[in-house]
Amino acid sequence: MEIFGISSQALFGQLLLGLINGSFYAVLSLGLAVIFGLLNIINFSHGALYMIGAFVAWLGLEYFGINYWAALILSPLVVGVLGIVIERLLLKHLYKLDHLYGLLLTFGLALIGEGVFRNLYGSSGQSYPVPEILQGGVDLGFMFMPLYRGWVVVAALSVCAITWYLIERTRLGATLRAATERPELVQALGINVPVLVTVTYGAGVALAAFAGVLAAPVVQVNPLMGSNLIIVVFAVVVIGGMGSILGSIVTGLGLGIVEGLTKVVYPEASAVVIFVIMVVVLLLRPAGLFGKQA
Amino acid sequence: MSATAIPSGASAFKPGGELLRITDLHAFYGESHILHGIDLTVNKGELVTLLGRNGAGRSTTMKSILGLVGRRTGKIMFNGTDITAMAPHRIARLGIGFCPEERGIFSGLTTEENLMLPPQVASGGMTLDEIYTLFPNLHERRHSPGTRLSGGEQQMLAMARILRTGAKLLLLDEITEGLAPVIVKKLGEVLRLLKTRGYTILLIEQNFRFAAPLADRHIVLEHGSIVATVTKEALPSQTEMLHQMLGV
Amino acid sequence: MSNTASQSAKSDFILQTVGLTKEFKGFAAVQDVNLNVQRGHIHALIGPNGAGKTTVFNLLTKFLQPTRGTITFNGIDISREEPAQIARRGVIRSFQISATFPHLTVLENVRVALQRKVGNSFHFWKSEKTLNSLNDRAVELLESVDLGEYVNTVTAEMPYGRKRALEIATTLALDPELMLLDEPTQGMGHEDVDRVAELIRKVSKSRTILMVEHNLSVVETLCDRITVLQRGQILAEGPYAVVSKDPRVLEAYVGVEA
Amino acid sequence: MKPVVASSKSQAGLMFGLLLVAGLVAPFVAYPTFLMKLLCFALFASAFNLLLGFAGLLSFGHAAFFGGAAYVCAWLVKEAGWSPELGLVAGTLVGGGLGAIFGWVAIRRAGIYFAMITLALAQLVFFLALQLPFTGGEDGLQGVPRGKLFGLVDLSDNTAMYYFVFAVFFAGFALIYRTVHSPFGQVLKAIRENEPRAISLGYQVERYKLVAFVISAAMAGLAGSMKALVFQLASLTDVHWHMSGEVVLMTLLGGLGTILGPGVGAAVIVALENELADKVGSWVTVIMGSIFVICVLAFRRGIVGELKALRERIN
Amino acid sequence: QVSDGVVKIGVLTDLSGVYSDVAGKGTVVATQMAIDDFNAKEKPSFKIEVVSADHQNKGDIAANKAREWFEQGKVDTVSELVTTSVALAVQKIAKEKNRIALISGAASTRVTNEDCNDVTVHWTYDTYAVANGTAKAVTKAGGKKWFFLTADYAFGHSLEKDAGDVVKANGGEVVGAVRHPFPGSDFSSFLLKAQSSGAQIIGLANAGGDTINSIKQAAEFGVTPKQQLAGLLMFITDVHSLGLKTTQSMYLTEGFYWNLNDDTRAWSKRFFDLHKRMPTMVQAGQYSSVMHYLKAVKAAGTDDTAKVMTQMKKTPVNDFFAKNGTIRDDGRMVHDMYLLQVKKPAESSTPWDYYHVRATIPAAEAFQPLSASKCPLVAKK
């Protein structure tokens, strides 16, 4: 069967791969959005923390025999704590300054993170095995779908859904949303906003680490794995509208699929399609697809 | 509305005695010097109003108590604790509820989420049911976004929000602003009720007629300084002077 | 002139709005405001906090886009123009929160305003010394607001009250036909208030002024006409003597019933 | 009354004089290729600073102008046989042209958004440089001949090349200096200080920002094409976002909004990279990152800014 | 005379990236071994120094480093230069500065073809040689329909072209190709393309980490075993990290295998003691080239580029790496190559015992003949 002269097999296959990539975009941009919402900081080190998340999983397996499933919980915890330390030690001092300083500081952190791991482990990448029960795959007719990739989509979507639920439907989330609107007043009502900020940052980077662990068996665990991805994710966040939770999830998945589609139709453009969409969106809707108009 | 719905004040707050003492308070926004040495005390169970023209510094006084102004000097004691250098949330948790003049309803939260936002700081706050009995409108609209409420409803919400927490000192900034007379009347009843239950209230009002019968004392500010204090007893003889000062 | 103006036709209104409305997500901050400012007047806009005064200013200068309504300046419809264009027509505003260029010197602050009319503002290849020809005029303006001694001070280092004075000087530098002042005496001590009030009176000679002011004594002494806003709508309008007796105003703004 | 600070004129003269002397004797003291690299980056950082330091716009996409121009210049000189000086002119124009496009899209947003948008646009340019047929993909354009200046001076001689680079740098730097200290620069500063106020005085601020952006991009382009000639190659490194980050670092370290700061910052970073590369290997990135963090946290005025502050405190 | 009495060798290689296993630190070790052996045996009158640096597989970094070494560091020869783009860039600088480039790791035939010059020697192997070995063997074994998965840079292009030529020359057909970014990490969408192309053989025109990942992901996506992979350039380290289970029966072509004969085993054992891994052909070639260079300097009595080049070219190479190897005028060092097949896990008896040697490709056939060369140095003959 063919659609527009493209075999449906290739089309569906690429769309599915796009969805898998989109899952990573979604989880990463979700973390960025959560952080941006409350701290007003574009967390440039998000990609590095994603990479560190993957490395923590790899190191755990290599040196302590910690398996994938444990790593899926442990690594976000470790990285979350790292995030908390970063926030308490460094970011805290920047809130009164122009928000650009947050961007610059986290950029510096990204360089440090990447550099340290590059020195310790080189940039050739370490391979992380697919966990036993997710090896193999299913034949979907149009393509052979490795189980693990299917799991990535399921896990990413679940985490997105949980995060969305936490923020939009719970008391904690309500507090968070209120603090995004008027931090001072929320504090005056007796809520410890500084701690909330710290925890939020920790949680946001834990999401990055989670994505990192998910990615570990898919790509080589490699110090540079986050640095190119993150720019795309920035574009996703800009397109979705900064700070919008639902926006970042939907846009992340959507753009992954669009990218997949481009690979079928005009592969040369697949690397840039997201940036092109970003420019178009900005010209038409400066606040992004889901952003509140300024 | 049943009076028994409101439990009496917690035992930690013995009746009488001083609850809030402000000494030589100066406050600044950036480079403008707003308060020029305020001294005032509020006793337990008292209702004190802050009067003054627009821009006299009444809201600033309140915000200073909670540590919400850019910079302040002087000393603020609450229930025997020096709170001058405390973080705002810790001050609030000592039992101070704040209802800001711009109401501060969160648009991203539903009415009920707004209501549930402030944490319980002491026992003896009202329950959700009691609050809904007191303000039936809020019950009706509890699932709609906070800022979709009418101005009056938002004002009720802002008040109700701090009644849940068990705070014993309420800082109320222009709660009748822009409200229909019926609601104003209702708020008057609520305040009276709160008073009988041992709440201590610091009230900013433009609407002198609303404030006069409720208050134990009136404090008048002008250009960031206290220019007069009038007790309930002295009020009849001094009303004329107050009107003068308030620029009528 | 104010004599003839009061009798003659509409064209003596330098600024008029018809049905001016601004809504923020369904909340009407300014509603159906018909404002008429007479040429040569000092016109005050008062009202409780949040009444929409600053919003009106923002609409008049197009820092905000009106949801509805038209604005005419000198008989020209300016409802669709850009902020900078409106400034070029001679409507210059000051801000509620002091608006100077903090790291430029006081002289440079005024010169930036003077420079606009010279038309060399895009000349990046010329030396800034070409601006020195504006110094005399700048100093003159500064002296008129008693800032002569501050000429070379970096603005940030001046006391607050002097900054408000500088703002007025900067505004005057453009020789505006209509000056919009948002709470010019806010945050000032008594003597500064008097000084600024005096200054406003002085500069009002050849122009029209629309000001927002909470200080009623300033309003009383300076203003020819007063518009009272409440919750986005005009509550009352007229000379001070009339408005200050209006029971609705007393209730809404002053806070007592007559 | 003499309101303008009298010493500023002679100070500027002194600065340019010293710069000239230093530039002329430098090759007798240091390795010319190193100096040329330094000058290219000093010009790049100064151009960047024009935007961030004097117009308050943080572009995270300046690599696009630097690298884009490097590619165009390299291609024209190598494949089309243009002379080096024409290559530089073309590179400058390309930088400016790209700047106009970026500016047109980005200037409608401010702050973080502006940074993000420029970053993403630069990424577009990066992919173009990777994929367009004439860019040499991963390899870049190598073996670009330095050629003969005006058909006369053979630039393959390092000393000759150095003096050419220095002259170009000096001219570019002087232009930036002039822009900052021009009527236009005054308005730019005013906009940075208080944009709403500038608007209310009748300035159409977006136009000023756009012009500043274009000048900055053009000078970045000049620096990039010069780099292409010096090293005889244009490569993906030049258009990579790390390059955009590096120029921010140079500017921040040297002193944002100071005239000499970016040059000083560039010198420090280039020297560090040169010195450290052999000794600490790839720890260089970690060191760069740390400098970034330290600058942002404790040293926001940068080297020149701190020195200035120190001098003022002493006076 | 040797300038300053010092011969300085620069090792410019990938110390941290995807080719760091293939070349990397091991080539620095091999260089040092060569120098130590040379000093011990030949007792030269000059001193020998080494510097090394990481070029991160980036042509510009390499070019800048080489330039600095030549201009400031008094480096006489720059060596190794894994990654084609690096080699091509540095080769040009060497020519300009009139110093010698000894290339071991880089693969493309461009080094001695279009881009040849008279200061460069290409030592170990090239894309023609490996394609000629592996692609020919696979095509002859019945794999006629090919699809290429190509690393998108000079090396990949070169390998794809050379292998495509061999496939066609042997009666096969190329049905398509897809180029992936270098270095790549996720190959799934490219593999999907390869899958839907209907080719029998997917030729991997990439190397190192990229090849390893492509092979793994091909298995993950069920591309293999329905379609077969041909690793056009694989090294023993790749087989080592993938394991015999994944790679069994694959054909590959190398210029060196440690377990060929006593000489290779002896040298490799020494190398293993120092580096804890068996040598790749790049590392062995590095030793061989440096040794040959040092001997030439000694024989010529000078480090002058032209004289040393002449000396190197007129002396045959005879060591554990090559028997009767010669350096042609285009700079190509020609020697025997080996067609190898990966053992089944059961067939491997000792660690690193990975290959069956299926054929020795004689020097004369292994490399592109001079008659087909595009090198200006030999074209007009």
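Letters A, B, C, D and E name the chains as they come in the text, with residue numbers starting at 1 for each one.
Rule of thumb we're sticking to: a residue touches a chain if its C-beta (ideal position, glycine included) is under 8 Å from a C-beta of that chain, and two chains touch if they have at least 3 such contacts.
Not measured: the values here are computed from a predicted model.
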Identify the chains in contact with subunit C as well as subunit D, in label order. none
Starting at subunit C, what is the smallest number of hops through touching chains needed to reach subunit E? 2
Taking each chain's centre as the average of its Cα atoms, which chain lies closest to the overall Cα centroid? A
Could you pull out the chain whose C-alpha mean position is farthest off from that of subunit C? E
Farthest chain (mean CA position) relative to subunit B: E
Just the number, please: Cα centre separation of subunit D and subunit E in whole Å. 39
In whole angstrom, the CA-centroid distance of subunit B from subunit D equals 56
Length of the line joining the C-alpha centres of subunit B and subunit C, rounded to whole Å: 34
In subunit A, residues with contacts to at least two other chains: 118-119, 271
Multi-chain contacts only, two chains or more: what residues does subunit D have there? 130, 281-282
Residues of subunit E that touch two or more other chains sit at 15-16, 56, 181
Chains touch one another in the pairs A-B, A-D, A-E, B-C, C-D, D-E
In their complex, what parts of subunit E are in touch with subunit D? 15-16, 51, 53-54, 56, 58-61, 63-65, 67-68, 71-72, 84-85, 88-89, 92, 96, 152-154, 181-182
Residues of subunit D touching subunit E in the complex: 31, 33-34, 130, 137-140, 142-143, 156, 158, 231-233, 235-238, 274, 277-278, 281-282
Subunit B-touching residues of subunit A, taken from the complex the two chains share: 171, 174-175, 177-178, 180-182, 184-194
Quick one: in the complex, what on subunit E touches subunit A? 15-21, 56, 178, 181, 185-186, 188-189, 192-193, 195-196, 208-209, 212-213, 216, 220-223, 241
Per the touch rule, the subunit B residues reaching subunit A in their complex are 66, 68, 87-93, 97-98, 100, 104, 106-109, 113-114, 116-119, 121, 161-162, 165, 167
